[in-house]
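We just call them A, B, C and D in the order they show up, numbering each chain from 1.
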């Protein structure tokens, strides 16, 4: 029980921490890293659930989420490269041609 | 025959197809038979006492309480179709001359065909769902035709005003169609559909709001004067004779529902009387011929609303018929003047045209006489029917309407004098020749304006024919003191009105005029809208912040909300 | 609702084929399009013949895909050689939407959403112009944040129930929080305020043919997923969902009122329609049925509007410039589409609104309904602004632009829905 | 096979501290290193929670692939030096919103913590158990197969995006 609560609390903190990072960071790569933190928080819950509920499905799901995270990192970093490669400032707030 | 009449909304389709694809060389010619067929069938139905009939295709719109495709022809629909057929036939012929050479003439007739079809559908609709199609369809074509002359400034804004006002009515009617209990929506038995949330008062309120938007009553009057930005034949057909009267038609058709809620009926009466007086006063202040007539339409529609409020739907429909004749006539006569002056609509540029345009002047006189209620003209009979009903229920309101008769005489006299007899402006002007296609359509309308009141005599009278649809209607007698007073006041007003000078120093104001609350509301909504748009400022950081906050807020709301 | 496995397999195979043959197909883009269309047709066929599935979803997705693919020749890419890849990505986006809508467990929904949003970002990014990658990146970042909400929500549900299936047992706080988080994640894909930012920019900056596909497919997938999940979180949450929808509709209607550029305006309109969808989804079983009807009809209409704009270039297009930029077919298509979006009967957009407000009235009562109706009818003012000009500029002799087949198909679909709305309504099934 | 609390708590603390470093470090390269540490801590936590296979997956996919990918991209992007500092107002807003999210999560979950019963867990985490979950029909087989289109998207995306940024407009 204490382990469950500890991990649950950790994952909650991790999720909120990652979200704060996404909001604070201006480097697109750092933003993507903070998103990875948030994904880890979710994955932690799946693994915890597998243990607490005695169902391997949670672990299997965690593996699939890892794959999702990898796919997402590939596309996200590719987009960041396309957008920021030729810019002087690597700042996610700077490109804002689309607005209004 | 009834079956054919039920499908009359399709009569203009051949003309639409042949005309807009260019299969018929002369623009507009292919469209003429449609309205004439509607007129002929409707008159034959009314005279030959056709049988009421209904056409029903079930299961069309399974998602509304009553989703049948239901058409119904009864005396009221046939009467409305007759009015529509007659006025539109005249307007079609008139438009052949009025828009000759205009590059958009094919488009004009295409819209006109769609309008006549939608209006026919509106008056033959058997349930709310079908009614909505016609209802919104006429509003849409009205918008397209108001904004017809794209290169003239202000036409789009005027059209959007019409859309905005119509939207209020459409919204109310949409709500009415969806809030009734399942299976309900048949216009003939709507009064039995009051079981839903809100019940009869809600249904009545929605219907009155919808009708007042369509018929430019109360605060929603603003779009009708602006609608004068459209071509004059449109002002005659859509914005005087038929579409704006659809609100009155709706109220008459659903009167049994209104009657369940006395407050709604009373509110309709007050709304009508106030608008009748307001429109009359506003008409007196106009420097533009068409806008003067437009406010007159607002005022006359107020009379019809008052009639509904007095519990006399027959009187309202009777006046609707009279008004269709004389107001269409007035607009078409005004159109002749405007055509001769190459599009000039300002009263200041007119005057002294009586000799040059005698046919237009005579037509204007006939229309004016019927409008202010010269005894034995159509307007006299129908106004008398309204006043009679009013004195039985609300004498104060009826007296106000009698005062309104004086004002009617005044504004129409003023417009008449300023157009035809006032001293002409100093600079010499060249009058365009007026083709006979502009003159002949005035004749049937003029005859109607003067003699429609006698429609009571054959076949036991119009009231008898319409009785199954509207309940008993007493028409007339010019013997009632109220009618006599009103008639003489109207004549007096007309004489006074001719003495009323249009100030020449008032320069031409661009259409559409700026109105108090509408203009304010539109600027405020644009400012608010721009504020909202500015929130989307393009900064990814803010977006992420808002997104995360959104997640937190949704979580909190579902936990504590 | 069952995943149409064979349809999904067909779509993936088609995408794999097109991507694998990208080299030879680069020189014959028409073949890539044909292959894609055939794939979509095969997927639709399979779905109709697999018992237990809801063919409507697959068929709607197939229609959106076919229109988008047929617009291929008009699609404006930054790199003209990438047409086969775009075909493959479009098919994969369709796959994602179908999985998101019909997935058999919660994890499948997440994979579907991720497939859809990744391919959407890429479709947006490949468009011409400087703003395309910017919008794609924003859309991606916000989609990724939403994905984390989905995964976290899934984790909470799993800790609570020990299962990845749609939960059916008693509603514990963990389960409820998880369901709320997951629904909120899907609400991003639906583009509800305040999660609409990325979608708004993506729809604006993408090449119109891609924008139409992205929008129609993501709305389709997301609303079905929400309609399946939200009720499990309890009646109070449905109310929250409906209120968020109302806020979205009002917000986006106001935003659209301020626009002078047609694509931005349509992007706002897409957000507003998402709001109506959410209102319906929060209004009980009847409302959910109406929501699915609405999304199919709206998707077809949106495809038509975007099809009409396809190939006009990445620069902003003022509403006033439209008449001179469009030929006869495109003008007619745009008029038809805008009038349908505005809810003019008898066009299908109007049927959708009629279907919507009855259940909303029953579930939410008068005030939200009246506000919703007001937003719906007020929208007519901005949708119809270009229409008189478009009618006035119809020219029979205008040149035929490329990609017209897509416009024709979309127009036919809208006309069929006009005359026979019941073919959609009768096939919704229970959600 | 239940792990004692202290190692779990230690791993949790390490994961949180390294996550803080990811969020707070003002150079992207340091954040990558912190992410690597975080990933290792999480993998340790998985191992302690009887999820050996996931731990290995975390090491291989996260530490091995994703973190390296981040490293490459940091190297490819223009050297901006220190990241632009956020304005104080924005930092405050971000922290407040982050705390709000935490509070919302807590508010949503807290009432359930008391009643959170943990089953007398049967043994989980065996490779064959997880394998059966992934590859048995009726379990996660379809989800597993559905990762194929997802990976296909990622592959096509990587290729097309690279060509897009290479190509002249």
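Throughout what follows, a residue touches a chain if its C-beta (ideal position, glycine included) is under 8 Å from a C-beta of that chain, and two chains touch if they have at least 3 such contacts.
Just so it is clear, the structure is predicted and the values come from calculations on it, not from any experiment.
Chain pairs C-D and A-C differ in how many C-beta pairs are in contact, and the one with more is A-C. For the pair subunit C and subunit D, the distance between C-alpha centroids works out to 30 Å. Centroids of subunit A and subunit C (each the mean of its C-alpha atoms) stand 26 Å apart.
Chain geometry summary: the mean Cα position of subunit B and that of subunit C are 40 Å apart. Centre-to-centre spacing of subunit A and subunit D amounts to 6 Å, using the average Cα coordinate of each chain.
For subunit D, residues touching at least two other chains, in rising order: 86, 90, 93-94, 97-98, 101, 105, 108-109, 116, 119, 140, 143, 147, 150, 153-154, 157, 161, 164. Shared interface positions of subunit C, defined as residues touching 2 or more other chains, are 107, 111, 114, 118, 121-122, 125, 133, 137-138, 141, 145, 156, 159-160, 162, 164, 176-177, 180, 201, 258-259. Residue positions 533, 536, 538, 540-541, 544-545, 548-549, 551, 553, 555, 558-559 of subunit B are each in touch with at least two other chains. Arrangement of the chains shown, judged by which pairs touch: all-to-all, with no pair of chains left without contact. Of all residues in subunit A, those touching subunit C in their complex are 8, 11, 15, 18-19, 22, 28, 31-32, 35, 38-39, 41-46, 48-50, 52-55, 57-58, 61, 64-65, 68, 71-72, 75-76, 79-80, 82-83, 92, 95-100.
Those residues of subunit D lying in contact with subunit A across their complex are 2-3, 5, 8-9, 12, 15-16, 19-20, 22-23, 28, 31-32, 35, 38-39, 42, 45-46, 49-51, 53-54, 57-58, 61-62, 65-66, 69-70, 72-74, 76-78, 80, 83-84, 86, 90-91, 93-95, 97-99, 101-102, 105-106, 109, 113, 116, 118-119, 121-122, 124-126, 129-130, 132-134, 139-140, 143-144, 147, 150-151, 153-154, 157-158, 161-162, 164-165.
Put simply, subunit B touches subunit D in their complex at residues 541, 545, 548-549, 551-553, 555-556, 558-560.
Within the complex formed with subunit D, the subunit A residues making contact are 1-10, 12-21, 23-27, 29-30, 32-34, 36-37, 40, 43-44, 47-48, 50-57, 59-64, 66-75, 77-82, 84-85, 87-91. Contacts from subunit C toward subunit D in the complex involve residues 3, 5, 8, 11-12, 15-16, 19, 78-79, 81-82, 85, 88-89, 92, 95-96, 99, 103-105, 107-108, 111-112, 114-115, 118-119, 121-122, 125-126, 128, 133, 156, 159-160, 162, 164, 172-177, 180.
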